[in-house]
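Each of the next two complexes has chain A plus one other chain: chain B in the first, chain C in the second.
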Partner chain A sequence: MKRIRAILKRDYASFFRSPIGYIVLAIYMFLNGIYYAGDINSGYSDIGTQISSFEWVVFILLIPLITMRIFSEDRKNGTEVLLLTSPASVWEIVAGKYLAVFSVYMTLVGGTLLFPLLTGAFAGRVDIKALGVYIGFVGLGAAFLAIGVFASALTENQVVAAVISISTVVFFMLIQLFASIVGNLASGLVSAINIFGITDLQLSKVASDVTAAVNWPNPMTRLDNYAKGIFELAPIVFFISVVAIFLFLTVRVIEKRRWSQG
Partner chain B sequence: MIEIKNLVKHYGQVRAVNDISFTVNQGEILGFLGPNGAGKSTTMNILTGFLSATAGTVKINGFDILEQPQKAKACIGYLPENPPLYLDMTVLEYLRFVCDLKGVPREERAKQLAEIMRLVRITDVANRLTKNLSKGYRQRVGIAQALVGNPEVLVLDEPTIGLDPKQIIEIRNLVRDLGRKHTVILSSHILPEVSAVCDRIIIINKGVIAAVDTPDNLSRKFSKTTRLQVAVEGPLKDVVTHLRHVPGVRTAELLMEKEGGVNVLIVESENDIDVRKPVFFEMARSSYAILEMRPLDLSLEEVFLQVTGNAPTGKGEK
Partner chain C sequence: MSAADKNMIEEKPVEEEIQPVPQKQRLVKVKVDKRAKSLRVFSIGSTILFVAIVLVINLVFESLLGPTLKWDFTPTATYTLGDTTKTIVSGLKDDIRIVALFDRTSWSSIYSSFLSSYYVTNTSAAAGEVPILLDDYVKLGAGRISVEYIDPVKVPGIVAELDPDGVLGVKSAISGSYVVIDKTTNKSKIVGITEMYSLTADSTSYSYTNNGMSAEQAFSGAIQFVAAAKTPVVYFVTGHSEADYASSYSNFAKILSYNNFATKSLDIRTISTIPADAAMLAFLDPQIDISPAEKELLTAYVKGGGRLLVIAGYSPVAFPTLNSLLALFNIQITTDRLREGDTSLRYGGDPYTFVAQVPATDVSTQSQLILGGARRLEPLNSTDAWITATKILTTSAGGISEANGDANSPSAEATQVIGMASENKGWMINDIKSAKVIVLGSSALISDAALTQLGDYSQYNRNFIYYNMEWLIDASKNSLYIQAKTLPSYTLNAGNATSYLLVQVLVVGLIPLGLLLAAFLVFRRRRHL
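After this line comes the complex of A and B, so read on.
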């Protein structure tokens, strides 16, 4: 536990020793600031829609920027030798590093609290439904961070790590599109070989069911209800599972390299 | 203290380390010698737990590096080939982080770090970023890092690389001091360093141990002849003929000519025969003055070259 904390502390501080932490924070706060200013001009502010509208920037650009160096830099500088020959286990190292990027992300999320606070301070109304958006935003971010950490462990090149995590996130975002195409194809196929007299209603059910099935691993769609203010446990379990799986894979990748034969 | 048995490491088709076994006793300084690519660093990386061996076992203080990695690693301080520094931290921040990583209690930290920094002489750069340090200072911070937590075993991969001659002597003395309390394994390709510091030397070549012994024994074992360097004033041909007539002398060859008709020669004799006296009287009889005569030990360089199969021409036999 002490070692996890040591690594977490070092890596978190390291983001703010280099420009990267400030750049990420600046980009995000700038975008939010502009959006908020626009909202206020029209006399209405909703932190929920504000966060949702920049989600893609965070997931495609900022999270890969945060995670790309977390392992690859250690490997390139040779500091991974220090970590791996210290009494810390690989699990402790991965946990420490994941918590470091998660803390950076939470700093980012924390920054947006400025806006509802501002709204509240000037006697504006803050919708409680925003809490649901925050939970979803943190959960989704946590999942993508784990993917980014895994990508960073794969290579000693930060750019390659960033490209891998960006493509993974884009892939998940495109699943939705892909899912509806597959769903329509499936219903088309069923109607083409229609020998059982299937009704149109059943056909559209086929289309939506197949779409939902293909869409299942897509973390983005799990948040739809949160935005409406409905709390669900299933998405939380889903996000925690994604984090656990990718951190497990990260541990495996690092251990595998010790055994590598080439 | 350190027990290595039948270590094998494959890289694809290449056997980087091929069935190496040795033990290192408490308080011993073991030198690890070998040409580039001999498997020195690979062996060190395996015994510190950074790499895993294809086969074989490593035990540190009785703890197997694979089965009880935490306990085994807690006994080791490791300076790898490149000092593992975080370039965005100051020396002090970095060493504090290493303390946390190795579980040095908070209340001992300040005292221990002050002691280590004094020992490797980096106190004056404590607040500078490691990025801005010269190679020599980085190397010393690397050594400091290995000393954190006062581990029983120190594994140093080329500790004096990149240092200037004065620093090399300092580090050499430091290693010798450390050897009193710690068990030290150090690799080097600077042979005088190894012979000056180490109690025992392992010469490794192509992944196999080629020789293990004390520095003195090694040079004795591998020298089949005893050699003298003699400077004689007199005509070369005559001197050589006379020298060759001395019983026990095998060859006499010119090393170089000096001004005033002085020839410096290398005289090789059978092992265990002291030819210094007969050479002196032989030269005296012909009234050629001997200006200088000194025995030449087979240097560790030559032992090394012989063992690794690159014996220089004209010297030694296989």
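After this line comes the complex of A and C, so read on.
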């Protein structure tokens, strides 16, 4: 735990020792500020909708910016060997680095708490929906951060890491559309080779079931209910699973590198 | 493949050519290769196993505990069904199938189109999503209720399956409609999107305000309707220049429809008996008195335990024949017009539109509501013990009655009667129920035009008429009444233009610029490192 904390501290601080941390925060606060300014100009403020409106900015642009250097920079600078030969296990290294980017992300999210505070000061409504959006936002962010960390461990090139990370997030964002195409294709295929007299209704069920199955790994749709004030445990379990899988893969990638070098 | 791997592969043949590997070194290399191979197998195997375990945990958790571990924290419990619905669902004997005539994923666009087609102004108010509410019906039904989403464009056969005779109107049902079907009897009902939200119109801007979600009322009413062995009918009497219930009293008709009543018109001039399925007869603002033959027909009906609702707003028309029937209930309709003497109770300064008083009675709880164009009712002084006439709607103590609508012939200020409910138990023999009558002296109490004008205040009128119906048809108290679930408002209630401007400058300018300045300073300090 001590080692994890040491790595977390070092990487968190390094993020704010370079301009990138402040630039990321400035971009995000500016976008939220524009939205908020527009709202209060009409005497209105819906924090939940505001935060969820910028999900795509955070997930497509900011998370790759946060995670792209976490492993690749060490490799590029040659400091990875020092880390790998340190008393910390690979698990501790990955956990420490993941918690560092997660802390940076939480700093980003924390910055937006200014808006509910202002809304509260203007006697506006900050309800459970806003809390739900924040919980979902943190959950989804945690999952995408794990993907970003994994991408960073794959290459020493930060740009390549960012591209992998962005592509993965975009893939998840488009998976719903893709799922519906696959669903319709599946139902079309079953219809074309229909030898059992399957009805239109059954074909429609095939399409919706295939769509649901393809869309299942999509983390984006799992937040829908949170933004409406409904709290579910299943998406939390899902997000924890995504984090666990990608951190496990990250460990495997680094260990592979270690034993192939050995 | 990593760069290190590549280097190893590329360098190996060169080394072998230059210097053959000694026997001992070769053995070590074989050992290392073996170790690398086993580590690779372990790595791949453990990854597959780990992903599989996580996947199984998720699938099991989602299917077994997912629907249970879900909490509705919305302020008005928008997605949680109330006790009334629980009672209805627990009493179901048949399975209920609910078919949505669209794909579930297209709900958002359907809802947006619905809002824009009604020019709804508060579009950004939190929307109540009907498909989520229906998930709770499925959960509550525990196998008795199913919900399917079938787009008729993709499955054209569904229209013929749901509505083989075309009487239900599935083909012409607007986007966003659901069909509720009793799977045993095939009795069905369409629930349109307009029934799922409580909209009030603003006659000045021709726009609507979304006051909340009434989908629970609509679906629970529809479930009860299709599951009921018998559908009682409320007949709206015609033939006396009454208002058309479908166009002028559609809100009233909706309340009845939510509560398992079919609504039909009935011309009592041409029939000899009132239909047996009549739960109630309603006169909506008649302008002509009934004939003696009609009076006989109605008398026979009430003596058999019939129920009658008469809504007669102010007009100079007198109803002597109808009054002779109402005399059996100790009620008389006069031709006197009512106005409110207490100026604080006038609506918009109009003495003829005012806040009326609803006293606490067996019919409804104490409240107030706004009405206009009121006519005075006269309670008769009968001492018959089997008749119980109750004043259910009055003016304040400052009410003034204008004799025959003449403003120059006012009465002294006193409490004037606008509505009465009466029960006559005199004909109760064997299984004949008591006869009940409600007479309301204001048609602007529940007409669509009045409710539109009243906006948010109309809820009191709706509640009042609902409780009236409940008493009239012997429904148990609150048996079916489900309030529309209000949508929260995100309007700021404090601050002024200057403070808003300051905040705008802070969040758009000062904070991002401050962070950029910090970025610049860090850059300058570290550029030589």
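As a convention for this text, the second predicted complex is superposed on the first by the 253 of 262 C-alpha atoms of A that agree within 3 Å, B and C clash if a C-alpha of one lies under 4 Å from a C-alpha of the other, contacts with A are read in each partner's own complex, and residues count from 1 in each chain.
As a working rule, a residue touches a chain if its C-beta (ideal position, glycine included) is under 8 Å from a C-beta of that chain, and two chains touch if they have at least 3 such contacts.
Just so it is clear, the structure is predicted and the values come from calculations on it, not from any experiment.
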{"item": "First (chain B), second (chain C), both or neither touched by A:85", "value": "first"}
{"item": "Chain B versus chain C as contact partner of A:259, first or second or both or neither", "value": "both"}
{"item": "First, second, both or neither for A:124, with chain B first and chain C second", "value": "second"}
{"item": "First (chain B), second (chain C), both or neither touched by A:10", "value": "first"}
{"item": "Contacts of A:135 with chain B and chain C, given as first, second, both or neither", "value": "neither"}
{"item": "First (chain B), second (chain C), both or neither touched by A:229", "value": "second"}
{"item": "Partner chain in contact with A:18 - chain B first, chain C second, else both or neither", "value": "both"}
{"item": "Residues of chain A touched, compared between chain B and chain C (which is higher)", "value": "C"}
{"item": "Overlap of chain C and chain B interfaces on chain A (superposed complexes)", "value": "17-18, 259, 261-262"}
{"item": "Interface residues, chain A side, partner chain C - complex", "value": "16-23, 25-27, 29-30, 32-34, 36-37, 40-41, 43-46, 49, 114-115, 118-119, 121-125, 127-129, 132, 176, 180, 199-201, 203-204, 207-208, 225, 228-234, 237-238, 241, 244-245, 248-249, 252, 255-257, 259-262"}
{"item": "In the complex with chain B, residue positions of chain A that touch it", "value": "2-3, 5-7, 9-10, 14, 17-18, 77-89, 258-259, 261-262"}
{"item": "Contact footprint of chain A on chain C as seen in their complex", "value": "2, 4-5, 8, 32, 35-36, 39-40, 43, 46-47, 50-51, 54-55, 57-58, 61-62, 65-66, 69-75, 78-79, 103, 105, 124, 126, 129, 132, 149-151, 154-158, 161, 488-495, 499-500, 503-504, 507-508, 511-513, 515-516, 518-520, 522-523, 526"}
{"item": "Chain B to chain A touching residues, read off their complex", "value": "10-12, 45, 48-52, 54, 69-71, 73-74, 76, 78, 80-89, 97-98, 100-103, 145"}
